[in-house]
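Order of writing sets the labels: A, B, C, D and E. Residues in every chain begin at 1.
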Amino acid sequence: MKVGIADTTFARVDMGRHAIDELKKHASIAIERYTVPGIKDLPVACKKLLEERGCALVIALGMPGGAEKDRMCAHEASQGLMLAQLLTNKHIIEVFVHEDEAEDDRTLAWLAERRAREHAINAVKILLAPRQLEKEAGTGQRQGFPDAGPARQ
Amino acid sequence: MKVGIADTTFARVDMGRHAIDELKKHASIAIERYTVPGIKDLPVACKKLLEERGCALVIALGMPGGAEKDRMCAHEASQGLMLAQLLTNKHIIEVFVHEDEAEDDRTLAWLAERRAREHAINAVKILLAPRQLEKEAGTGQRQGFPDAGPARQ
Amino acid sequence: MKVGIADTTFARVDMGRHAIDELKKHASIAIERYTVPGIKDLPVACKKLLEERGCALVIALGMPGGAEKDRMCAHEASQGLMLAQLLTNKHIIEVFVHEDEAEDDRTLAWLAERRAREHAINAVKILLAPRQLEKEAGTGQRQGFPDAGPARQ
Amino acid sequence: MKVGIADTTFARVDMGRHAIDELKKHASIAIERYTVPGIKDLPVACKKLLEERGCALVIALGMPGGAEKDRMCAHEASQGLMLAQLLTNKHIIEVFVHEDEAEDDRTLAWLAERRAREHAINAVKILLAPRQLEKEAGTGQRQGFPDAGPARQ
Amino acid sequence: MKVGIADTTFARVDMGRHAIDELKKHASIAIERYTVPGIKDLPVACKKLLEERGCALVIALGMPGGAEKDRMCAHEASQGLMLAQLLTNKHIIEVFVHEDEAEDDRTLAWLAERRAREHAINAVKILLAPRQLEKEAGTGQRQGFPDAGPARQ
């Protein structure tokens, strides 16, 4: 089974490397990496990984800036990732870390690594352990920051 | 007849369980469940349920957070659910409960259960009792909070 | 010739009934009605009316609430109606009355009826009297509230 | 060669007439006109002109109102015109004049005519004189209001 | 190998010329240029370059104005460029310079040239040196303004 890693040169943390490292810990999976300049280049890269390079799933990693224009770029990229999934019937796990989610570079690097790793585990579950996800349904899981947990009645 | 249940580990209430319970009360329907990490993973899961797993309709349940970024995620997920319906000519009932619709955890859990159950009934009507929906046309039905009722002239 | 009427149980006025009544005044047209819970369920209902039930045109009637989230739902529904038209090459006349367009229930009911009826007439013109529309090009027609009229130089 | 003119009864200026008049000054072109009620009806009308009535290009003319809801309608119409182009591989020249671009009716009528005529000339260039457009690349051309001109270093 | 250059007469800098000049420095590439009036005309031009004129990749250059309406136009154009990529499985490098990114004409011209050139280099890397992009993954590259650089832990 092959998993695609699509990432950018724009991001300020090598999230692709962390995702690949985590994937290899959990499963014997071949990796196909595709690095593009920015997040708006990710959707077609993901679609090519799914349709032309035999990937069963792609993890798309990006780091939008904190300005208004950057948020719009992230929105357009997300719409593209959505469409790419619906045109291929395959999952693309979007792992975006917004620069303004962290107060300083150190936290940003920590958050980006952690989110990339936790989403890599999600990717493995989608492909190989769907019943595990079903057990966690409605339990308030988060990737990066601590889990919110279930709302108790 | 098979109905799909697509839900998330991000949600803080197990809405899928409530929807399934309600469906089974009203009709003899087979259930196919597909749990994904977050709401943006729902659209392709729904499309796969409709196209690859033989579902006649899918109920997509999610719980977006209360921040601006979460609202954008919900919007992108909704656009994906819309497109998935138009590409398959089948209904996907979107059941989203925004975390900021409820003042506390207790209310959130109550609202999520109630909305999931009421939409499950809607799903049954769409599939098995379309004339019942026609009778309720323009009567101000709501799911979760009380009905608004008709505007009288 | 068959015209589809897609409407919702969420709306607080039975706009579908008014549209059907008006259509029957102006032309000998068969009606196919499809009532769904909310406006986001309308696009796939319209597409099914056009592709599976032989309608030449659909009138989609809905009544979005006045909150920010409702406006977003209306936007997503509108995007779906647009896509459904472009995938079928057939018209869907969107008749949305926003709850906050009227000050009270009485005005809301009046506005909803009037707009439904005037758009039903538009539907007849599109199907049977396109030259009539051409004569009215650029004359500031409105549906519901009074016409704006042409801007004179 | 045939050019489509899609316009609305909602607009307060007969922009279609101005566009047709201008087209006929510059080239021997057959005209196919299609008038619809509002701007959200334009995209499918354009697609039908391109796919069912043999037009090589369509000019879509509309006049959105000045309220927030009108801007959203214009946005949805623009997204539809974009998709219609991408599904047909043909140009649709969008000529929208927002009511709030002009201070009074007189200016509105002037602006709408001028913009319609200048875009009609653009349509002729796209079809018959692409090298002319290439010569004007990056020169700050505007339609309606005065040209911005090039930014000099 | 052929690369498409899609640009506009609306832009106030001849970014297409700079991109072509830079491309020719780095690789022996045939150029196909397609100039349109505005940024919303770019997506279909790009799709035609990819599907009808044999381009392997297109660089789409535009300069949105600084007003709210211009930002919406840029958003719609970006959505179109995204869709064009997903329908063709080929890259379109979006090079937009917003007029309000620069304080004066001189800076605008400088920024537009620099961004066009740096994206032209990205285009060459995507086509001919994908491993070079992979080496730069997560290093905070920017086009135009100085690189942000990596976030160090």
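Points to keep in mind about this one:
Operating definition for what follows: contacts are C-beta pairs under 8 Å (C-beta built on N, C-alpha and C of every residue); 3 or more make two chains touch, one makes a residue touch a chain.
Computed from a predicted structure; not experimentally measured.
Chains compared, chain B against chain C: the Cα-based superposition rotates one onto the other by 70 degrees, nearest 5.
Once the centre of each chain is set as its mean CA position, chain A and chain E turn out to be 25 Å apart. Chain A and chain D have Cα centroids separated by 40 Å.
Chain contacts: chain C has residues 79, 83 touching two or more partner chains. Taking chain A first and chain B second, the full cyclic order of the chains is A, B, C, D, E.
Interface of chain A with chain E (complex): residues 7-17, 33-37, 40-41, 43-45, 47-48, 51-52, 69, 72-73, 76-77, 79-80, 83-84, 87, 105-106, 108-110, 112. Residues of chain A touching chain B in their complex: 71, 75, 78-79, 81-83, 85-86, 89-94, 98, 119, 122, 126, 130, 133-134, 136-143, 148-153.
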